[in-house]
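Both complexes shown next keep chain A, but they swap its partner, so chain B is in the first and chain C is in the second.
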Partner chain A sequence: MAELPVPAVTARERLRRLPRPSLLAVSAGILLLLVVLVLAAPLVARYDPNEQDPAIAFAGSSWAHWFGTDDLGRDLFARVLYGGRLTLLIAGGAVVVAFLLGTAWGFLAALRRGIVDELLMRSADALMAIPQLLFALVCISAFGASTLNLALVIGVLLAPTTARMARTVALQEMNRDYYAAAVAYGARRRRLLLAELLPNTVSLLAVQAAINAASAMILEASLSFVGLGIQPPDASWGTLLKEGYQFLYQRWEYAIFPALAILLTIWMLNVVADQLGARSNRGRA
Partner chain B sequence: MADAPLLEVRSLVKQFGGRRVVDDVSFTLARGETLGLVGESGSGKSTTARCVLRMLEADGGSVLFDGEDVLALRREPLRRLRRRMQVVFQDPHGSLNRRSSVEQILTAPLAAHGLGDRAARAARVAELLELVGLGGGYAQRRPRELSGGQAQRVAIARALALEPEFVVLDEAVSALDVSVRAQVLNLLTQLQRELGLTYLFISHDLAIVRYMAHQVAVMRHGRVVEAQPRTRLFEQPRHEYTRSLMDAIPVADPDLEQARILAARE
Partner chain C sequence: MSRYVIIRVATSLLLLVATSVIVFAVLRALPGDPVITRLGSTQGVSQETIDRLREQLGLDRSVVAQYFDWVGGLLHGDFGSSYFSQFSVSALVGQRIGTTLELTIASVALAVALAVPTAVVAALRPGGWVDRLVSAVSSLGMAFPPFVAAIFLLIVFSVQLGWLPARGWVPLDEDVGENLRHLVLPSAALAAVASPLIVRYLRAELIEALKQPYVRTAEGKGATRGRVVLHHALRNALLPALTSVGLIFGYTLGGAVLVEYVFGLPGLGSLAVESALRRDYAVLQTVTLLLCAGFILTTLVVDLASRWLDPRLRTVSADG
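This part shows the complex of A and B:
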């Protein structure tokens, strides 16, 4: 039998046939990379973030100092990496607080209905009506600007939106027959919450968590920007941005790198949230 | 005591926003029998059943289950009563938690009432799967790995897990393919015989009710318009609405069907 000619595969064709990574994988990958870089800051950065050297103040980017140095001669690359630790710690803490508080809040409202529901949801509305930054300013002024306080205050601020979301998805699930069946066989409230509602809503709540993480970073940056965030000499991305902003005309790298770090992280978080949401909608249809 | 009805519903009322969805509904159901509750969608059949099961709170009337006033029960006594009355829904996949395995789905009712230890529950799962005609191999499956008929068998097994006396079948076969539907109906009648179950069989399809029910109640706009033993109902329907429902049953013989359509036109 004659051999059939094998059509030549061009390089471009081969490239096209490669399995394409999903947008979710790419964005989650970038986030993971950022987190690893920030966590491994002592290994990656070659300088102490708080070590001053006035001799090289305001240096531009070079092989020795990738992002340049600040007004006190501190290495900006190291400061951005170490600053990320605080930013991510606060954002992460706030997300956990918002998730725990908001989910309990929303689920309880959905489960109890009636007057309890009204009270819980109206108090959520009330909390949302207060301007976030103002609320945070008052709390931080009162309790001090520690990492823990920042995470708690931001978490509390994000809890009402999370509660609303949790209540909505819980009510949706409670209309389904599997939930009705669980009520019919006499499941206790604890089981209804933990075994029926939570596993079926967790993917939607994860979307909310990703959105929350982005909001938490913005709030932290805003608070730091007005001087109520992380206190010097330590720095978060927000405080770095604020410091750099003062020298925007002299040395733009100072502000631009922390800004880019914030931008990239929030952008990727939003893509992840978007993709997760689309995915869980598809799973439902 | 044997003659006392298992379930006695008196003047049940349920309103939604001032509209009476269930309006003065009464019926009795004898032990080991099946009451077919028919009517078009929106006629209040399911709402009636949900009030009887206390999944909805009725606005009036009374429900006596084995002499006990169901509507007056508080939390714990009500939870204990739930062991004796169970329900199977229409959508087989919707009624199973898609995050749980079949085993988890079937042990949940046992756990809710603190019945048996781990080994006893596993044994009960195997027994239940056997009972509904599924092998033990299904225990580790997830709902999405089941066909509609298999999922409905699991839902039936879950309803039977607590050894109830009374089961509400709320359009339990309506979503199934015709051949699967027949199998599940046979399973249900067989289970009734073996376990002495009492059914409240809700359906919009008189043909299936005719096959399943001993007694039939026809509902329309929230009211029971006619209630009779099955044979009498199908021989001499009293209410016009019942007759129109019967005319909607397709006949397998094309000549007869043609004649009926022509007769209906005149």
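This part shows the complex of A and C:
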């Protein structure tokens, strides 16, 4: 008697039918996890990031030291976690500065049009033609490499791109009926800006913020890499990468861990920006 | 057409002037006196020496006069002299511009060579597994800052395998083979980041092109799939994608700054970093302006070339 074959695909089929999390949810989730890990560094790391122990310099990965140790025997896992705090602090600060400055710049250009618009946007173009890293290098070497200065300088450098984006989305919104209605009933400029334009453009500005965060991390890492970032013994991911780079032939893993941290964060930020952008475009179509 | 060319060239020139003003103004506005930096400290140095040096470097004149000195000199091919070494800026730039040019051209060529076949394969079946793999890999590639890519390549090819040199440079006219050996990793680092951008753009253009009626016509005439894709669709998709190459040139030029630094290449980028660290503004302002000019010029050339090559763009208004 031939038995009916038991469908072998059930497990696979069940897996396939599970609700799939969106790419946006996954990438945002990973980012959130990274932020939580970094913020909870004192709870997660078992060592002081600056505590030296020359006896175990350049130790490989082990249960005691997950990422091994550096040239001075400091725990690399703790250093990467604590380094993330500085990196995220600088990137976050820069994003806020770029948002405030860039949105004001772009919205003003969109509202005023004419010669003001022309001047504001041409100056943004000129600023964007200058290699950001060189500009940042000069400013930081003049003002000094404190966390605040780094966030400010990087934020100012990202403002022109943000201004371009803000102007474009503002002009799109100003063509819509609700905006015309607001103008028609005599809304003041302040109301137009804060109550009409800002809430309606915020999703697209969020896309720009994610892109800015990624750029800010690259700039911070670049500055630290040439020695103009966070100064030792404290270290951001960029500083750690620079230190690791100096010991590439002693222990190449030293450079890999901060590099992977930078890479993963930027990657996830890019994916979030992409997905958010696609979503708000679909919402508009 | 000619009106467009004139307007486009004029805006580029204006942009370059604006850039030069900004670069100059920022360097002067920053705290820190190059004369004092050069002399080490003011202690033990007489005011007279400081004044003499300041006069020698033209720093005693008004800021506006200094700006016109600088720009006037540039127009006559006189780039001034470094505040620190006794070299003229032209000599320093001359020694190094070749490396940067070679690196940038090699990187963009490599990026295009990698990107075009990849984009074609991905666009053949949008949503297929190849396409999704390409999307995933290029999304990761775009996340690499070029100098981080450089470090990964260094670890694999210099530290682990020992195939390629980790640092240094041999000029092209000294030894072609050695020159190429030193060029591989830096240009691969830049191309690894630039080619995903091209893939992304070209893939979208190709998918769009493959939907066009002329593709169906070609298929109807019995053209093979390969001929339809390569001869009809790719040619039409490459032109719009050309605009992205201008952007990528700029991006590569910016990325080259740190990549040169990582590999110890004697290029404009590493010269800029060194002068920024030393506050040698005479060198820095000129190198920065040269890099900006390179970027502005490429964008201009790409814009004009794609208009010339692609008649479809000519119907668009001049400022569009």
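We adopt the following convention: the second predicted complex is superposed on the first by the 276 of 285 C-alpha atoms of A that agree within 3 Å, B and C clash if a C-alpha of one lies under 4 Å from a C-alpha of the other, contacts with A are read in each partner's own complex, and residues count from 1 in each chain.
In this text, a contact is a pair of C-beta atoms (placed from the backbone, for glycine too) under 8 Å apart; a residue touches a chain by one contact, two chains touch by 3 or more.
Values in this document were obtained by computation on a predicted structure and should not be read as measured data.
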Clash-or-fit label for the pair chain B, chain C on chain A: fit
Per-residue touch tally on chain A - higher for chain B or for chain C: C
Chain B, chain C and vertex chain A (Cα centres) - angle in steps of 10°: 90
Which superposed partner A:Ala195 touches (first chain B, second chain C, both, neither): first
First, second, both or neither for A:Leu100, with chain B first and chain C second: neither
Contacts of A:Ala278 with chain B and chain C, given as first, second, both or neither: neither
First (chain B), second (chain C), both or neither touched by A:Tyr249: second
Closest Cα approach, chain C to chain B, once both complexes are overlaid on chain A (Å): 12
Touching both chain C and chain B, counted on chain A across the two superposed complexes: none
Residues of chain A defined as touching chain C within the complex: 122-123, 125-127, 129-135, 137-139, 141-143, 214, 218, 221-222, 225-228, 241, 244-245, 248-249, 252, 255-256, 259, 262-263, 266-267, 270-271, 274
Residues of chain A that touch chain B when the two form their complex: 176-178, 180-188, 191, 195-196, 199-200
Touching residues on chain B, where the partner in the complex is chain A: 53, 55, 78-80, 82-83, 85-87, 89-91, 94-100, 108-109, 111-113, 155, 158-159, 161-162
In the complex, chain C residues that touch chain A: 14-15, 18-19, 21-23, 26-27, 30-32, 139-140, 142-145, 147-148, 151-152, 154-155, 158-160, 166, 253-254, 257-258, 261-262, 272-273, 276-277, 279, 284, 287-288, 291-292, 295-296
